[in-house]
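Multiple structures follow.
In the two complexes that follow, subunit A is the common piece, with subunit B as its partner first and subunit C second.
And then the complex of A and B:
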């Protein structure tokens, strides 16, 4: 799927259109990306104000550059990153899935791994840049192809925790308020538009 | 007299002990053996800790006390140490950024495009009908790139190719209305000369470029005459095998494949002398070494890479052995051709070329070993630990002891050659039918193999290289199965660690070690096997030639492999294959029928002691 992200200059906005229940993919050349309930709904930016539209665009670009296809699903019954990424992996034809929380925390998962394990984890959301998201997409796609990519280099900042923990906790609280028990996981299609800022 | 004795072999990397009790009638009963890491450098007082540990463990295994011990026999260590050096002897230089020959993993589009290079910003000004190649700097978004190119094409500009800095080639190609070849990940895009005619070629997946890697293809594109074609032929050669490439025609640009003046080696033999240029490669150096052998010393030409290399080896060995620099004489030299990945000078995309290099292993004879001092230190240390009646003696020369130990391998007989494949040197000793023993020490062994693997795979991590040397490889294809290097599959009940997923792994005794490189399993395997062949097979043949009666390999009956590298999973078979044509029985030793290739020297020490102190016993082949 070549996602058309071609909106003219300026900021892009993103919304997701539901297209039905999320099914298990049959193509072995796909990566499934799971987003959380508040992603691009209640929130439109990550914890460090990266627009969700750009985050999704870079992850999809990273996957597309490796000539792998992508599907996006939205979990409505949980905002647990490990569960999201593992669900994506289990629905993915290649067994590789990515999970992204509204505040930006991300994870690459594989379906045969225990849920609380992961292939690559990006726990410090304030340190993730758009380049990191591109590399996350690219690495996930390379895993899907059976290649051995170098893990995405990430920063580690001792001060990130004290500095951002309060905001992260608030964002998480808001996000979990949108969790609806028993609501199904749905497949969504991104729609980019010029931002109305 | 009933005595308890221990033979202790202090090697470069391991210290081995062999415990025996000698009955009143002189009968020998081996009751224990132990192995530990050598502490400090072989032949120095620091060895004491390792010796004490090995002795204590051997006693524990046999259920004895330190107080029971009567005698410790140390080996007179082989008086050689060895050093390594490596130097590249060729380099590739690109002048005026004439070509981009790196292999991005994901180029975009397909085909060949020729045109004038224009900047992305000036694409809007390009005249319709003019063939151009777009150069896009870092940070330009793929949507914008694609849109601008599409707009230019709509205006009638003939955009024939694109060179990108970002990893965006497929993204841009997917968004273009016309398919053009696109190369990405060109890190120094600012160095690409603008306004020049260039050609971009991208081949389909799994294929390599045809036109730009062909000198006549380049001549056709750029309209070159025969002289100019001669000049560009190195460019074509440098691009062979790539999936994508760019060649820019500049007035005097060139790719040089030049040989670095590496300097020469002066080989001084007992009777002959020779000077050989290092850049001529290992084969010529080794031929000269053989011609002038036995070597007395080797000198490197002052002020050259070779000079520096030899000086380094000399200095490190002087430091090791506490000799004056002038007393360090190189007694053997092993040169090996290797190819090392190096970044190309003048490249614009971090291109890497395999450059030829020569690795040298040198062996130095030390004046005397410090074993006497070690023996005294061991005595006082062990007496302090409670071994009240212990004596320590230097029991015999290492090579002779190794032969005696090797002869205890079932199925061997004289004349027998022992090949001790160690870490620093390959030692050979021969015992002839009349019990004459002769020995030789050659430079180059396990450490050199590790270094070759490290350099050729560009790992820069000796521990990882060591792991690759020791263990078979596999590729973790899923969390539950690994494809082994012989093509078979191994399944697992529990999932593999996430770090191993989709990687080539070294299958060590304590689980898998992922190898964090982009090299394929086949490539790593080939590098590993050829490194072993170039060191051990070459050295085995050199050693056998020098100890064989009359230099005739056919007169050797048995070859027993000893030492740590004899435990390797493929070195013994590589050597056995190489000597099989000479009718030699070759295999890994099994000392005393139980110890494998270990413990030969330690057992030989005991055997030799018993033979010399119990004359009533029939000789066991010792002439201590």
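And then the complex of A and C:
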């Protein structure tokens, strides 16, 4: 592994530059990652303070280590995770897409599946670690290659509700405020910079 | 990983803190989440400036204006409530009373339950909210004491397994029964396991004293199928919501839910709806209304659909009202309003709520002190890690605390302390009955070693793993061969478990008489229906109503360790 999952060794900031409308990819060895309206814009970290920069680095590293390429799109008209991941899958040359909300909730989807029936869903955002995000990237890439990876193991904590449920609702509401009806889905490229701490 | 492992963000902020601050920072309550109110999106418990003002106008026997909205502008929830839940005959008269006067009627022991209901029959959602806003937490409890439909309080348990192990569920259902639960419910990690686990719960619950009704929370069509077959005895997870977009997201309307309710009633199966504060804001569609206002709309949808009862008290969204000011007061108020419109109320306390034992208890008291139809709508009868409803406010670790609180305050939460030898006996009998039924129905075998482990286990971690793939095939067989509750009775009778067979048959026969369709119906230990019809709440102030007494009070005095008065060197047996 070349990308560390330790966030302490370099506080990076991330922003995304629009490079045009999101198009259907032609490469069969790609995974498309969809990010939500507030991802690395209004918010800079997940519900448990994982920097968005690190989340993206890990997902991309997970895809890369399977020798698969990645593209990133941003949805502006919705913060519905299933729609995001399904849109990514439909634009992906391999038919495999990932969706990630600003608070961290994630999903791996496939083009041919019904929208509400994903390949893997990671509903409990507070329990997702950087390792999880790396595995999500890796699994998505393996699906893209036609393999059948073991689903990414997820943690379960029934006490996540009392601690995080209301904050998750707030983050969702804030993210939803950024939704612009009819705004197009755009392709973006990440720009990392060392944060001025 | 548990939430405790998540570092408190305040810890490393480079500022010098007092040792006391550090002690307080490390208290469990500070692992809970709290948020500021945000009324514009409905992140507010019961007092939003965007809640409507109460109003009603009736023309030609039809409600043509409700809470400031003209009939032409009703959404489908308004329309359903105006046409099905509110009596147009009494609405204008009832609405003419001030909210404060109605609130006083709820608390005043000289006003009977029936007199209150005669008024609530004509109240709109905004008026019921205004009534609730007049009540502090003690007054809410006073109201609940009188407005609970059934005189005798009861309790409901969860019986689930992190491994969906049917044997564990059978043993825990039997223990739940002897400990006093009147209903037990299960759900699954792997949904395909449902037939076997629901069967196990149905059989286990009828071992020993028998009587508890069972349900299995599943997708609605499967849940109905299991109910019609008699593999379960009631249904509860029929969710309703307080705003139209959230309803529509679930491909539902109040009418479709009412139709489903009718399907259960047609087979004599008890059912209730489920709703709770916080669900609409959680789903981002609260339309700026307070959580309690929206929940009152749900309560009136349940009433309008003609179902006998409602599970509410925030339920799976408890982290949302729990995070805002006065949220737990609002949760207690939603229970009271359900009871005040003459519905059975299964009053929550069924989801992991707080890291703080003090807060967990405080959240329980507004239901446990006055008593409700079901104080918990899901007390985890196994350790919380096995609770597939995502954990409960109370679990099997809390049994002795719960029994002690009942004894301390002389309040009836429906449970009792039982000697270990009796518990082991019913767990063994349940496990053997399930083993015999599986063998009789040619389902995957249960070994004696599995039984021995399950009888003495605390949770699924200690169990011998089942062959899951074989079990899932067996579960499919149960569905394909159309196994019914009567087949379970036959299997129990044929394998020497006549007593269990008789209990189960008595439960199934209830759907013919329809007695369990009455409000707040449960079965007693003698398998007699007990409902608001033959056990109507008659509280009328001090010295009246239900008070633990006689044999029940003697039973409540028993705890695990009580020093004998006649010989202080020993403990009471």
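Note that in this section the second predicted complex is superposed on the first by the 188 of 197 C-alpha atoms of A that agree within 3 Å, B and C clash if a C-alpha of one lies under 4 Å from a C-alpha of the other, contacts with A are read in each partner's own complex, and residues count from 1 in each chain.
Just so it is clear, contacts are C-beta pairs under 8 Å (C-beta built on N, C-alpha and C of every residue); 3 or more make two chains touch, one makes a residue touch a chain.
As the structure is a prediction and not an experimental result, all values here were calculated from the model.
After overlaying the two complexes on the shared chain, residue contacts for A:182 are found with neither subunit B nor subunit C. Look at A:170: by the touch rule set out above, it reaches subunit C but stays clear of subunit B. In the superposition on chain A, contact is made by A:143 with subunit B only, not with subunit C. In the superposition on chain A, A:113 contacts subunit B only, with no contact to subunit C. By the touch criterion defined above, A:127 lies against subunit C but remains apart from subunit B after alignment on the C-alpha atoms of chain A.
Of the two partner chains placed by superposition, only subunit B is touched by A:64; subunit C is not. In the superposition on chain A, A:153 contacts neither subunit B nor subunit C. By the touch criterion defined above, A:20 lies against neither subunit B nor subunit C after alignment on the C-alpha atoms of chain A. Of the two partner chains, subunit C is the only one touched by A:161; subunit B is not.
Residue overlap on subunit A between the subunit B contacts of one complex and the subunit C contacts of the other is empty. On the side of subunit A, the complex with subunit C involves touching residues 48-49, 126-127, 155, 157-167, 169-170, 172-173, 176.
The touching residues of subunit B, counted against subunit A in their complex, run 106, 142-144, 146-147, 167-171, 174-175, 477-480, 495, 498, 501-504, 516, 518.
Residues of subunit A touching subunit B in their complex: 2, 5-6, 9, 61, 64-67, 95, 110, 112-114, 117-119, 134, 138, 143, 146-148, 150. Residue ranges on subunit C touching subunit A, taken from their complex, read 1-4, 6, 9, 31-35, 38, 41, 43, 278, 281-282, 284, 316-320, 322-324, 351-355, 384-385, 387, 390-391.
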